[in-house]
Structure formats: C-alpha cells, structure tokens
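Structures incoming, each one as structure tokens.
Each of the next two complexes has chain A plus one more chain, namely chain B in the first and chain C in the second.
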Partner chain A sequence: MKVDVQSLGTFNQLAHEGAKQATQSMSQMTGIDATVDVTKISLVDRADIGEELGDDTFVGVQFGFEGALGGETVLVFDEISSEKIVEALPGATADPEMAQSSVKEIGNIMMSGFIDGWADYLETAIEHTPPEYIERTGANVLPKAPDASGSDQVFVFRSEVNWLGESVCFYIYMLPEYESLVTLMENHADAGDGAIPVEKLEVFNQMTRKGSEKAAENVEMMTGIQTESEVSQISFCPIEDVPKQIGNDTYVGTVVEFTGTPSGFLLVLFDEASAVTIAEALMPMDPSGDGLTQEHEAAIEELGNIMTSGFVDGWANVLQQSVDHTPPRLVHDMGRAIVDPLAAQLGQHQQHAFIIDSQMKTDEVEFTSEIHALPNEAELREALDKLQVERADQTEANAEEIF
Partner chain B sequence: MKVYDGSSQSENARDTDPERAKVGIAEYEVTTNGAVLTTSGLGSCIGVALHDVNTGVSGLVHVMLPTADEMDDDNAAKFADAGTDLLIEEMERAGASRRHIEAKIAGGSDMLDFSGSGSGIGVRNVEKVRETLDSYDIPIVAEDVGGDHGRSLRLESQTGDLVVKSADQSDTRL
Partner chain C sequence: MAEVLIADDSEFMRNLLREILEEDHTIVGEVENGVEAVEVFKEQEPDLVMMDIVMPIRDGIEATDEIKTAAPGANVIMCTSVGQEEKMKEAVKAGADGYITKPFQKPSVMEAIQDVVPS
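Presenting the complex of A and B:
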C-alpha cells in the first residue's frame, strides 16, 4: 500500500470536518461552545494506541461502522467533561441512569454527524451500529484496533475537542479497517511523486523506537534512574496544527536542528515538575534555590544533549549514515511557543508535516519526557524512497534487515 | 471564522460575562458584541489585534508566515500580509471603518531561529504586518514584539485592551 501526502492531507481534513460537525451537533443541544483543536492521523503500534489517556477513568460512546469505510469509532469524555455535558443538557438530572442515557444520546448525535460527514465527502453510504455506552480506564475505553493484515501498526485518527472557557476536553478516535482505508486512500490518491509505501512509514516508527530506546539508555546511565521509552508514532497534520500537538503548559528542554536527509528539528521536552526531578538526580549537591534554578537548567541542557545524541545515533545506525546536529539550545517556555518557530521554518516550504513522537517514563520517580522530531517533509519522503523493503511479506518488520 | 454577534450566546452563560472565542494558529475571529478573543503560544507568530474605536468592532488574527506570495495556499489567515488584509476586510463587512481602526500587535519572537542570518521569521512577520497596516493607514498604537520568549494574548474587545502574557512574567496590558 502506498499513501501519498496529498491523500493524507485530504483524509486529515475530512476527519477534522467530521469532528467539527460532531461538535456543532453537541453545541446545538447543550449550548456549550466547543471547538475542534487538533486532528491528526497517526501510524501507531497497536499496543500503544490510547497510551496518552493514562490511567484516568473515561466514559465512551462506541460505534462500529461499515460500508466504503469500515472500523470502529469512539467518543471519549473524561468523567468531569461527561458530567458537565449532562448538566448542560435540557432537563438535567442527577439520576445516574438518566445521565448515562443522556451521554449515550449526545454521543449518538455527535458520532452520526461525524460519520455522515465522511459519507457525504466520499459520496457513499457508511452504516453504523447503535451506540454502546462504556466506562473504562485509560486506553481500555478504545475499541480493539481492527486487524491490519498481519501488521502491528495501525492508523488512528484522533481529534481533540476543547470547551471554551472550561478546562475540559474530549476526544474522537477512529480506527478504520486497514484494507478499506487503503482502498479508499488509493482511490483518492493522486498516484504522483508524493506516494510513500506504508511499510516504510512503519519502519520509520521502528527507527524512532530504536532512537528513543537509546536516549532512554543514556538517561539511565547519567541519572541512575531506570527509564523506559514508550510510544513511538508518526503523525501527519497541517503545518499550522503542529504547535497544537504540544500542550500549552510550560516546558523545559532542548532543541536542535539536524542536517542530512531528512533535515529538521528535534525537541526534548520535560514538564516543569519532571525537569526539577530529573535535574536534581543529576546534580552533585542540593540546588541553591527553590523551583527551577539556573543549575537545573544547566543539568537539563546536558541531559537534552545526551538524549538528542542517543536518539540521533539510533536513527543513524539504522540509516547507516551520520546525522549531524547543532548544539542544543535550552528552552523554557510555553510548549506551543517553542514549537511555533520550528513549524514556521518548515512551513516556508511545506503545507503539511510529519511529526515523530516518543515518550519516556519511569516508575521510580515522577518523570516524563517527550521527544518530538519534525523532519522536512520532502526530505523524509526522499529518505523513505531510498529504503529497500525487501521482504514485504514478513509480519515482523525488522529495521536492520530492511535497510 | 464566525462573527460573534451575540446570537449564539449560551443559555448557561451569565449575562455579565462577555463571550469568549479562541483563535487558533492561522485563524481569525471578528466580534461585534465585545467578546473576548484569545490566542495562545505565539512564538515567531504574531497576533494582530484590531479595534474600531467608534463601533467597537474588533478582530484578532494569528499569523504564522510573512507572505502569501509564491505560496500555493488558500488559507489567507496563515500569512502576515494576507491575514491582516483579510481581518480588515471582514471587520469592515461587520461594520468597522478603517479610518477608525487602531492596531495592537504582539509576538514575532526570535526564539529558536536557526537560520543564523539575523532576520528570522519573527522579524519578517513583524515587518510584513507593519507594512500591511501602513498601507491602510491604520496606526499601531501599542506593541510587544521580538525578544526570545513566547506569548499568549487576550483581546478585550469592549475596551480594545490587549493583554499579553508570557511564561516568565506577569500580564502586560497594551
């Protein structure tokens, strides 16, 4: 299967429009003014789907759909959001059963809007099953990803909807069946230069996994804190949506520009609490002040450097070429403001962007780190083009065998 | 884009609270009823806030790149020149007059400019916004641009005040 950048762009737009339609339906019923913040398409390891949901409890309204496109979709609210939405409905009630049926009803209306949006665009019929109400923890709220003909990686469409003036949001996930998505994408693709074989994107994910494993090893070596890398995914969205992929909280970390094919930017970011924890693990003595001091920042800079080298080495090993990068620049700012100048620099030459994400966690102490790579899109395609996927029939793609 | 004229006011909102609207990157909003327009996480991007002192019609656009020239992109709000043009046009459609519009701008930071040429996107964004506003004879009455930090904005369109927030310092009211 090949996907081209244009059809990824079209499908992203489509998912975004669908989510907007769903949100409008909800706004009409509840008076809640909400907007669709981000829509992205990700190619992600089956086991990592929904990792971002953590261990919180969620309420979901789930559907199956079939027709020109088949699969599963779910509307996910955290508990607070679902309560607020129920409260906003006419005839609000404290009765839990009634509340549950209200959520189901609103889910039904929203998701019908979502699926109808797709069907309209594709000029075809998509049927959906009656909604199912579920309450589960973390990723369990999501349906099992449909079979992907032996592949461990699946496409996930995810929209984040934010409620204006409230700190609540909810998500729409769609997990299409691989085959029907492939067929649709091929039918809507312009089989021109931009086409990328999906297997190669999958390999790229593995490269990222390797890179982040190496980065995690380096963290462990320096701090003695056992660190695991989690979630490697490659996502695709319009360039102006790139900054929105990062939270709006304040982050501390480093940014480098890397050169070669592809060139681009690599960010290593810590939330402030994690930055303090991890920096103190590196410092020989107690810091001289409270909070995030200059000593902390210096430690983060060093750590960012080590993680960047690890990550880039992981890539270089797989690509069998060296990847050079600039010295790291320390950043300590609003997440989106950090990413915005990088997206703008890429945006001078491209309308959409691939974002490569991975995350690191540890059970020992409170510490999360995100690594994001923003490659030049045309150069990424070129790099993928050079990859030789010789054994397309193998189920377990192995980066070293493939390259 | 939607024009906030009060017709979609939520039943649950208290009457005294002005409506709020969030402006994303490469998006704009116009309000005729004193809504609060916000945008967040400006790095090299710029928020152009316009306010008609006579009618109160206000608008905010969050632009990302200097110029739409030579770009095959139909989203005008993404660009400093085309986005500013578009905002003025839409405000006039909503009853504003360019003779009474005042501008406040913020953003255009030079953080993370790897070009090394000293004229990064932030600087060029600021130049393009100035140039475009100048071509309409719209004065910039206040600004908070450049530097190496991010900003978030809140345009209080009842007064035309633009509140600029950065990660490390308190609010500045322009």
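Presenting the complex of A and C:
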C-alpha cells in the first residue's frame, strides 16, 4: 500500500480543521478564547501512544466512529482545564454529577464538529457512538488503538489546543482503524513521485527505534546512568508547525546537519537540569562552577555528537550508504528558537515535514533527552524507496570484520 | 611507549583520550581538525595518530589519506562516533590501521593500539 505526501497533508489538514471546528464550538459555549496550536499525524508504536501525557490525571470524552473511516476519538482535558470549562458554561454548578454531564455534552458537541469535517470531505456519513466520560491518569485516558493486522504501529492524529492568556490546554486524539485509514489514504493517493509505501514507513520507524536505543546505550556507557529509549515516532505536519512541536521550554543540546539520502538536521536536546546532570556524570572531575559552565557545554557537545552517530548510523547501514554530518553545534535557547531557522531552511524546498522523534529518560537521576530529526522530505521518500525491508535489522556494522 | 598525536575537534574527547593514554604513551600533540593533524604529523612524525572522523575544515578520512600518502608507514587509528559500514570502508581505503567507535573504554583503546603499535 502506498500513501502520498499530498494525501498525508490533506488528512492532516482535515484533522486540523476538525480541531478548529471543535475549538470554535467550545469558545461559543464558554467564551473561552482558544486556538489550535498544532496538529500532526504520527506513526507510532501502539505501546507508546499517549506517552507525552505523563502521570497527570485527565478527564476525557471518548466515542467510537464508523463508516468510511472507523476508530476511536477522545477529547482530553487536564483537571484544571476541565474545571475551568465547567465554570465558564452557562448555569455552572458545583454539583459533581452535573459538572460531569456538562463536560460530556461539551465534548460531544466539540467532537461532532471534529468528525463532521471528515464526513464532508469524504462525501459520506460517519456515525459515532454516544460519548463516554472517563477520568484516568496519563495514557490510560486514551482508548486502545484499534487492532491493525500484522502491525504494532498505528496512525494517530493529535491536536493541541491552547487557551489564549491561560497556561492550560487540551488535546484531541483520533485513533483510526489502520486498514480503513490506509485504504482511504491510498484511494486519495497520487501514485506518482510522491507516493510512500506504508510498510517501508513502518520499517523506517523500527529502524529509528533501534537508533534511539543505540543512542541510549551510548549515554549509559559514557555516564553509567541507566538510560532507556521511551518513544519513537514519525510525525507529519506543515513545515510552519514544526517549531511548535518542540515548544517554548529552554533546551541545551546540539544541532548537526546531515548529508546523504536523506539530508536534513538532527537535534539532541536536554532540558537545562538534565544537561547539568548528564554533563557532570561525564566529567572526570568536579566542575569549576555552578550551573552550566564551559566544561558542561563541552561534555554536552561530545555527548550530542555520539548520540547523533548512534541515531543515524543504523539508517546508513541498512541503506548501505554513508550519512555524513557536520560537527555538532551547541545550542542553548528556547525550543522554537532553536528549530525556527532549521525549519525555514527546509521550508525553501518543501511545504510539509516528516519529524522523527525519540525520547529517552532514566529513573535514576533527573534526566530526559529528546532527539528530533528533520529530513528533507523528497530525499526521505527516495531513501524509503531504496530501503530493502529484509535488511531492516542490519543496523550495526562490525569494524573488526572490516579491519 | 609510543608517541601519539590526538586529532579530535572535541576538547572533552581530547582530554579523555589524553587521560587514557598518557600513563603508557607520550602525547606529542593535540589538534582540532584534519589540516592541523597533517601539519603536526609532518612536524612530529609520531608513531600513532588517534584520528576522529567528523571534524571541521578537513575530516579525519581525508587527513588520513594525506598522511598515508606522505608516509605510507604511518599508523592511524580512527577514533570516532561514526559506526557506519560505508565509513569504515572509506577509512580502510584511506589507509587507516584500526577503528574504534565512541563511546569507548580504556581496555578497547589499549587493545586497538597494541594491535597497531605492539609494545
């Protein structure tokens, strides 16, 4: 099966428009001013869905849908957002049952708006079940992804909606049935140059997971801190939305430009506290000052270099070619400020971007790290075209066999 | 005790290699790119060059090629984070005598040196 970049873009746009429609419905009912920050479609391991929700408690309104497209969708609020919405509704009440009913109904109205756009575009009806109110922690608030025959990976649409002037947000997740979505995308695909075999996208995602595991191994070997690769996914969104994915938190890390097929950029980012922790674990002696010193930065630079290689070497070995990269450039800034110039550079040649994301963390000490790859979209398609699926597990090269 | 030149753009990695090596070997120079590596090699004629691959100005494979062309008997161990088969083949073609991937630990470094410059 093949999907093309144009249909991925169209489907992502549909989800984005649906989220905007849902947000407008909420604004009309509550007077809360909100905007859809970003919508992306991701190919992700079933077990990793909703990992970004952490351990917080969420309220959700969930329902199933069926027709030309089948699956599950859920509107997810954190507890504070849910309370604020209830307070903002006409006839607000402190009665918990009534509050729950309010959330359920607003969720119903919002999500109907979300689904309607899909039905209109597909010129068909999409039926949905009555809404179900749920209150759970982290990823448990999300429904189980529908079964996909022979694949552990699923497509997920995720929109993040932010309230203007408030530090709260909510999310819309749509988990379509794999077969029905892929069939729809295939039916809308232009089988020309832009087509991507879905199976190869999945294999590439698996390679990325192995790359992330290798990067985590490298961190562990250098620092002695047991590190695990947590999430690995390929997402797709308009190029202008790429910086929003990284957010406004301050990061320390490295950026490299890689060349080959594909070319692009690779970022290894640590939050400031993690950067200090991990750099000190690398240093053979105590640092000369508090906070992030030049010694810390030198250690981060080298760690970024080694993690970058761990991440991209697998691609090169499977594709039987070399992927060169520039020496790492140290960055210390807000996430969006780091990514903006890279997205602008890529945006000269493409309207949409694939983003390859991995996260790693450890329970031992305060440490999280993110790896983001931004490949040239046309070259990634070329690489996927060349990818021999049967070589997918040959990510490691053995120097002793060559020397 | 071999005379060793360290070529790596990372100060952190140069320090780490120096700490590993200086007990058993003499460090004759530390450089940050391939151009400097070739220059210092020609001046010092060390027994061994520990050569990074990804460096600014000139990469380690080009520098190895130049060193090996000028002095075919020179010993060069690539000491790099790059674990790509194609790069390893390029290093062999340039004349590299060994290949260590970062992150490494002291025993693997010492073993690679012993293979190339037996004491």
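Brief remarks on what is shown
Following the convention adopted for this analysis, the second predicted complex is superposed on the first by the 388 of 403 C-alpha atoms of A that agree within 3 Å, B and C clash if a C-alpha of one lies under 4 Å from a C-alpha of the other, contacts with A are read in each partner's own complex, and residues count from 1 in each chain.
By definition in this document, a contact is a pair of C-beta atoms (placed from the backbone, for glycine too) under 8 Å apart; a residue touches a chain by one contact, two chains touch by 3 or more.
Bear in mind that the values here come from a model prediction, so they are computed numbers and not experimental data.
When both complexes are superposed on chain A, chain B and chain C sit side by side without a clash.
Of the two partner chains placed by superposition, only chain B is touched by A:35; chain C is not. Once the two complexes are overlaid on the shared chain, A:345 sits against chain B while remaining clear of chain C. Looking at the superposition, the partner that touches the larger set of chain A residues, chain B or chain C, turns out to be B. Look at A:255: by the touch rule set out above, it reaches chain B but stays clear of chain C.
When the two structures are aligned on the shared chain, A:335 is found in touch with chain B, with no touch to chain C.
In the superposed model, A:162 makes contact with chain B only, not with chain C. By the document's definition of touching, neither partner reaches A:13: not chain B, not chain C.
Of the two partner chains placed around the shared chain by superposition, chain B and chain C are both touched by A:326. Of the two partner chains, chain C is the only one touched by A:317; chain B is not. Once chain A of one complex is fitted onto chain A of the other, the partner contacts of A:284 are limited to chain C, with no touch recorded for chain B.
In this overlay, which is a superposition and not a single complex, chain B and chain C have their closest Cα atoms 12 Å apart. For the contact definition in use here, the residues of chain A common to its chain B contact set and its chain C contact set are 326. Contact residues on chain B toward chain A in their complex (touch as defined above): 8, 10-13, 19-22, 24-26, 40-45, 64-65, 72-73, 75, 78, 109, 111-115, 120-122, 149-152, 166-168.
Touching chain C in their complex are the following residues of chain A: 218, 221-222, 282, 284, 298-299, 301-302, 305-306, 308-310, 313, 316-317, 320-327, 396-397, 399, 402-403.
Of all residues in chain A, those touching chain B in their complex are 31-33, 35, 37, 88, 162, 164-165, 239-241, 243-244, 248, 250, 255, 257, 265, 326, 329, 331-345, 347-348, 351. Every residue of chain C that touches chain A in the complex is listed here, in rising order: 9-13, 15-16, 19, 54-56, 80-90, 92, 96-103, 105.
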